[in-house]
């Protein structure tokens, strides 16, 4: 069923087109197309799980002339995660937008964002990565600007100009690669690339572009205002998926194509930037006055954790240890995806029903919105990395592999980061359970709270206990990459 | 002897281009910057023609200088002042300058390496060998609509996303004051010619420079000229039809791709026999979509009544988009 | 013989373009600049077109070149009229 | 004499650097947008310099298609940025206008309740 890889991209695209024409039924179209795409993405994952990575050569052309879509362990897992988060946020959004005009505007762009995410995760061609990055950037900016107030528009404009600059720097790297190696297909490039000055400069440019897109520490200034001022389902997708997908491309380029080019010192630089991001992001999250701003800074911190893994993977010898570190990286990314989207969705519920999301005035929300606060605490567990959650395993392997690799200095960073994370999560819960009469009666808005609950449960329980399959999937990926 | 002459022409073109780019980026008045930008777009079109890329020369002239220029010029009116103030500290100035100088040197060094490393053939032979099967004889259109058709599909999605944002954010710009009879006279002559030329460009794209994007942009230029000369021209237009025109390009592309997937089990795998006709169908739909999109982008926002749901239920009045 | 005639025509046309540009730089206000630019460039283009026709025999090309020349003349006439009209209205608003 | 390819490739790198410098320098939307377009034109010039194969030779059509896609993407990004800028300016001018009207009506009518900030 190699066509599932096409349906994953084409169903949301058709859904987006139809929702422009029949804007009255847009919510229904969006829910149906996202669910069908979710089923198709699990079909892709099952196929990869049983018979290994597979290729779909578009247009029947091969050997670099045409574009090929590639599904392997790394991309199919992230595909299923992003489709789950998108489907949950779609249910949430159908109840979240009360104003009909705004709802009619939201759906086409939301489905276009899904198309961009899926197309980017499955793409196997450098220029195609540029086009999907551009589509992702534009639809994310459009959705951020949907909340139509001054802060959102200023954040959207800064996000757009920085995003365009990142895409152009990435395209400059693609141009140099095409100049030197004469092909754009990642698979053929993997065999051609050697460590010569051209590859280093080209990969440097591509990394710089992707660092802008994934908001690593010095280049993260556009993220907090954009994620905090966007509507709740949009900031859930932005934080959980859009920044993570840029990290995915960096990983794919590095592991599959440019592994000879990368020196240990450059990964160490990325690791140090990641460490600063962890400390600085968590510290800023602690200072934040608003829930969504805190969640945005915590995203900056969590992205930092992913980059700490890079020097470890580069230093560890080929084989079981490196696979363990790689799987832990994947696990951290997945857990953060689920936990952060659950957090943003419940922050949206609080914003809508208490009229504000200022943390200091959250008194009494625990009594008024019990399920929402429970979901926030669950996702807090996953953000901190307490035992039942996937990120506990992730941080555990981070610490153990930094022992094995002899780079002990990452351990204090992880510990300080986790302590700060505990601080800012309990600050919220403290205020929420505190005295105060924000709304008189107990509210339960099933359609908005259940999706957030499911995502939070994914982050804590399913990824915590059920991550055994992840290990052999990545081991299979390692063999595929090895031979 | 000829090489030296060509080299002198090249050096002159390159110096002029860099000078125009520098003055565009460092001018202190927006109007002057946009005018210089349009001039740079036209010069770039000449450079594409010099580097034997006629398709790009057409596209740059129509889209790069024409449509972008029109968009920028009409956008200048939105801003209160046209002065450009650069409030960066001298330290920041020097950091940025040294950083860009270093990057220039590194990239030129890498570009020099890149050009020497490859034998210069890259993908051109593969394209030439498969051209006969691709259904068109213009290699650029073959790459755009057959070998890398998926890129073009996503690119149409990018255009649609951009135009959706324009429609979502603003209402239509107020109609400009009635232009003189001279412009209306010229428009009455020029618009039919533009429409015929864009049809020609669409048709000729199969075997000579041209194609969907240039034709669509030229059609949009005709619509913009019509809008300038007769501001209230679009009152009677059926908005539901306009939405369909916006979406038709990608719709036909995806349906043909899926149909081809069911016929020869690869998405967008045109069977050589009728690849030519299929590509022409897709190009026509893409031209219409691009023309509609760029015209709406120039108009600047939602035509009146765009959000009113025209499915018979007039009850849903348009509740003022922005609270 | 034909080629030397064509080169002569093109050089003659370039002379007019040069004079138009000098007029643009030297003349004081908008209206005289428009006057210089529109006239000199159109005549210059006529001679360059003549040169191109001489260099490239073939009826179809010649017709296309003439159409190009007519269109450029129409466009420059209308645009200089609009620029002049706006400059006039701006001047009337200022004083 | 350096080859035409290298001359235009270096011109492309030059354009890219000029555009990058101006993008980092300017704060306002319009100058920054022009700078981004100049930056994009520089990358496109590098692509086409790569594709060039001499006066007589057939150029490589793949970069031509890529740059055509790039030009269309650049114009749609420009259209979106201009729309965002225009919307922001409208909101700013509305705020100033409502500020002015509010100060006048402060004395007479009761102040209008703050519209609920519906995200």
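By written order: A, B, C and D. Residues from 1 in each chain.
Everything below uses one rule, namely that a contact is a pair of C-beta atoms (placed from the backbone, for glycine too) under 8 Å apart; a residue touches a chain by one contact, two chains touch by 3 or more.
Since we're looking at a predicted model, the values are computed, not measured.
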A-B or B-D, whichever has more C-beta pairs in contact: B-D
Centre-to-centre distance between chain C and chain A (centres being mean Cα positions), rounded to whole Å: 57
Centroid distance [mean C-alpha coordinates] between chain B and chain A, Å: 31
Rounded Å distance between chain B and chain D, as computed from the means of their C-alpha atoms: 13
Junction residues of chain B - those touching two or more other chains: 107, 111, 114-115, 121-123, 127, 148, 151, 155, 158, 161-162, 165, 169, 322-323
Contacts with 2+ other chains: residues of chain C: none
Residues of chain D whose C-beta touches two or more other chains: 9, 16, 19-20, 33, 42, 46, 50, 62, 66, 69, 73, 76-77, 80, 84-85, 87, 91, 118
Which pairs of chains touch, using the document's own definition: A-B, A-D, B-C, B-D
Footprint of chain B on chain D - complex, ascending: 1, 3-22, 24-28, 30-31, 33-35, 37-38, 41-42, 44-46, 48-53, 55, 58-62, 64-69, 71-80, 82-87, 89-91, 93, 115, 118
Residues of chain B touching chain A in the complex: 106-107, 109-111, 113-115, 117-118, 121-123, 126-127, 130, 146-151, 154-155, 157-158, 160-162, 164-165, 168-169, 240, 243-244, 246-247, 250-251, 254, 257-258, 261, 264-270, 307, 309, 311, 313, 316, 318-319, 321-323
Residue ranges of chain C touching chain B (in the complex, touch as defined): 71, 74-75, 78, 81-82, 85
Footprint of chain D on chain B - complex, ascending: 3-4, 6-7, 10-11, 14, 17-18, 21-22, 24-26, 30, 33-34, 37, 40, 44, 47-48, 51-53, 55-56, 59-60, 63-64, 67-68, 71-72, 75-76, 78-80, 84-88, 93, 96-97, 99-101, 103-104, 107-108, 111-112, 114-115, 120-124, 127-128, 139-140, 142-144, 148, 151-152, 155, 158-159, 161-163, 165-166, 169-170, 211, 213, 290, 293-294, 297, 300-301, 322-323
Chain D contact footprint on chain A (complex, rising order): 98-99, 127, 131, 134, 138, 141-142, 145, 147-150, 153-154, 156-157, 160-161, 164-165, 168-169, 171-172, 175-176, 178-179, 184, 231-232, 348, 351-352, 355
